[in-house]
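A, B and C are the chain letters, set down in written order, and residue numbers restart from 1 in every chain.
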Amino acid sequence: MKRKDGRKPGDLRPIEIKAGVIEQADGSAMVKMGRTTAVAAVYGPREMHPRRMQKSEKAAIKAIYRMAPFSTTDRCRPGPSRRSQEISMVIRECLEPALFLEEFPKTGIYIYVTIIQADAGTRTAAINAASVALADAGIPMRDLVTSVAAGKIGNDYMLDLEYKEEEVTAADIPIAYMPRTKKITLLQMDGDMTVKETEQTIQTAIKGCEMIYEMQKKALKERWDIKQAEKPARKEAVSKPAKKAKEKGD
Amino acid sequence: MKRGVKMSELKKQNREFVLPGEEIVNSIDYLPGKNCFREGNSILSKRIGIVNVKGRVISVIPLSGVYVPRGGDMVIGKIEDIQSSGWIVNINSISDAYLPLSGVREFIDTTKTDLSRFYAVGDVIYGKINYANSHTIHLSMQDPRARKFRSGRIVAMSPAKVPRLIGKEGSMINMIKDAALCRINVGQNGLVWFEGEKEDHVVDAIKLIEREASLDGLTDKVSAMLKEAK
Amino acid sequence: MILINQHVASLATKGQRADKRSPEEYRKIEVENNPLEKPEGCAQVRIGETLVLAGVKMDLGTPFSDRPDEGVLMVNAELSPIASPDFEYGPPSEESIELARVVDRGIRESHSIDLKKLCIEKGEKVWMVNVDIHIMNHGGNMIDAAGIAAIAALHNARMPELKDGQVNWDKKTSKKLPMQARPVPVSFVKIEGSLFMDPTLEEEQNMGARLTVTTKDDGNIVSIQKGGSEALTFDEIKKGFQLASKKSGEIRKLIK
């Protein structure tokens, strides 16, 4: 069954991930899944304020998810909503198992994610961005965390639901997953499905996560692994001996 | 020792780029060092960095991250606040550091002297981390290298790359000092103070090192850049 | 971020800047039109490291009672914690309120939007135009970047379809907002007696005073805002007007 945007049931939307997009932050990332665009910034480890929120044996995570007023079809008022607060909480909880929090007791790791364009799957884009931003910031991690939503329309298990599909799917199941250890750190479901269908949907989402994982790694490599970026340039230098590449610092 | 056989077991070689969660080796013959962890038989990286294999210890040299203070480090800090028995110093780290009266060379009689005569809010100093734990970071100005900066410039760089700026036994930093005719004080917390004739050369060298810290031939590159810059 | 103030200040006494720019030089300004599809109009502006995103959303609403035949313009700014370790969520800070209001005044006083053309039914129904400014990275001079992003976004905007009294945001018409002007704010700071345009973050942290002058296409001044706790002389202000007139013309060319 062909989807409205021409995808096959097991296809992801076009995904773009970039690490290190916000200079002021300790770590940052932008993730586009179809038209949904999330920007995440990580500050930390830093002193945790207020004091009473400090944890004596490990770092405390503070995650705040917000949507820009111009991100939605009809403008959403700036500020927190119950939905954004719930999503902030699940983001924190799905990333926590991946972080070595014991290394920085009493500190805070601040994760800010803003959706600048919303078109379904906003929490999954937010988690993918936050995960890359955490690695970008040098926070010690067991693995990256990857997220995507899946559902079932008709007889097909659909990966990475887009806006209109969310309305007709039998269920909307976003997951967050640590691909190396195959651990699920977020699982939510809205809908009405048999147990078997639910398991199958989760399986579909897991496959999607494994694909996105490679893209997250690629984005981090592009930002940090200069050796990889240099390889083609070196070849050119060899074939054009007269010219010497002069780089201006930026 | 069958070293040849052991090397081939490494999934990621020495000086290879690695991401958090990536496996470096699957063997109980190795031990996890800094920024690595063991899971089952494998040793994996905790952070983005470069693999460093020293004998049987595998560690990862991180490419990013906030400065984590260690006793003995020289750091550059800014006085943020003055308290009754010491100063609060911003060292651009996880939290502020504390410089107690006992950390200052001169004897200060607090009943007679205003502490701001020594270090006022806004002053920038070069001091040593006396000790650091999860509760507190203590600075000291007793080290002969410690001082207050009255002029010059400060540039910030990634703390993870400071070792490259210093080089083996100070080889890189000395080369820059000579070429730029500048005095340079390097803070392990990623802040570098300098003053002299060709200050821009120092800035350019630092930018180059920041960009290419993980590559080989860095010393030659910096040396070439400094020669051309004349 | 820790900085050695002496350097910025000592350079300023000689009329020099840390990044080697001349006092009247702006960093590289980049304007990206409609980087996002969803808002009615949007623009992303980069000045040096400062990055600002502005989005325009429209809706139907009731006019103000004292202006029953005019559409309503509202400008809102978010200094996102993403953009700087000094920004926090919570009640709007003075800084964010000032920024929103300065940008608002520039657009309003220049009559950039012909609000009368946004009236659907006098006293009952008009178009509400919301300009939401989102700071994404704070590298200094957010006001200018925000002002440029806001007016560019308005000029990029296309009206959503209005059918049977209902707005359909998924369908954009080809009709643009009734725009009449392109106000551009130009800011500079005073450090140790020198005036520098387009301050970096370090320069703002060392400033004594700041002046933002917004001019419109014909060169008239439509809004002024002085900030900072030090005083400015009349000569300095006049110099500011002169610089603003010159520079705003160049910047205006980036707004289509």
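Keep this in mind: a residue touches a chain if its C-beta (ideal position, glycine included) is under 8 Å from a C-beta of that chain, and two chains touch if they have at least 3 such contacts.
The shown structure was predicted, so the numbers you read here are calculated from the model rather than taken from an experiment.
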Count of contact steps on the shortest path from chain A to chain C: 1
Chain located farthest away, centre of chain C as origin (C-alpha): B
Central subunit by CA centre of mass proxy: A
Cα-centroid distance, chain A relative to chain B, in whole angstrom: 30
Approximate Å spacing (C-alpha centroids) for the pair chain B, chain C: 39
Touching two or more other chains - residues of chain A: 46
Two or more partner chains touched - positions in chain B: none
Contacting residues of chain A [partner chain C, same complex]: 22-25, 28, 35, 37, 39-41, 43, 46, 64, 66, 68-75, 78, 80, 110, 112, 114, 116-119
Chain A partner contacts - residues on chain B that touch it in the complex: 17, 19-21, 35, 37, 39, 44, 46-48, 62-66, 94-96, 134-135, 160, 203-204, 207-208, 211-212, 214-215
Contact set on chain A toward chain B in their complex: 26-27, 44-47, 100, 104-107, 135-144, 178, 180-181, 217, 220-221, 224-228, 230, 247, 249-250
Footprint of chain B on chain C - complex, ascending: 1-7, 10, 18
Residue ranges of chain B touching chain C (in the complex, touch as defined): 76-78, 90-92, 122, 124, 149-154, 156, 191, 193
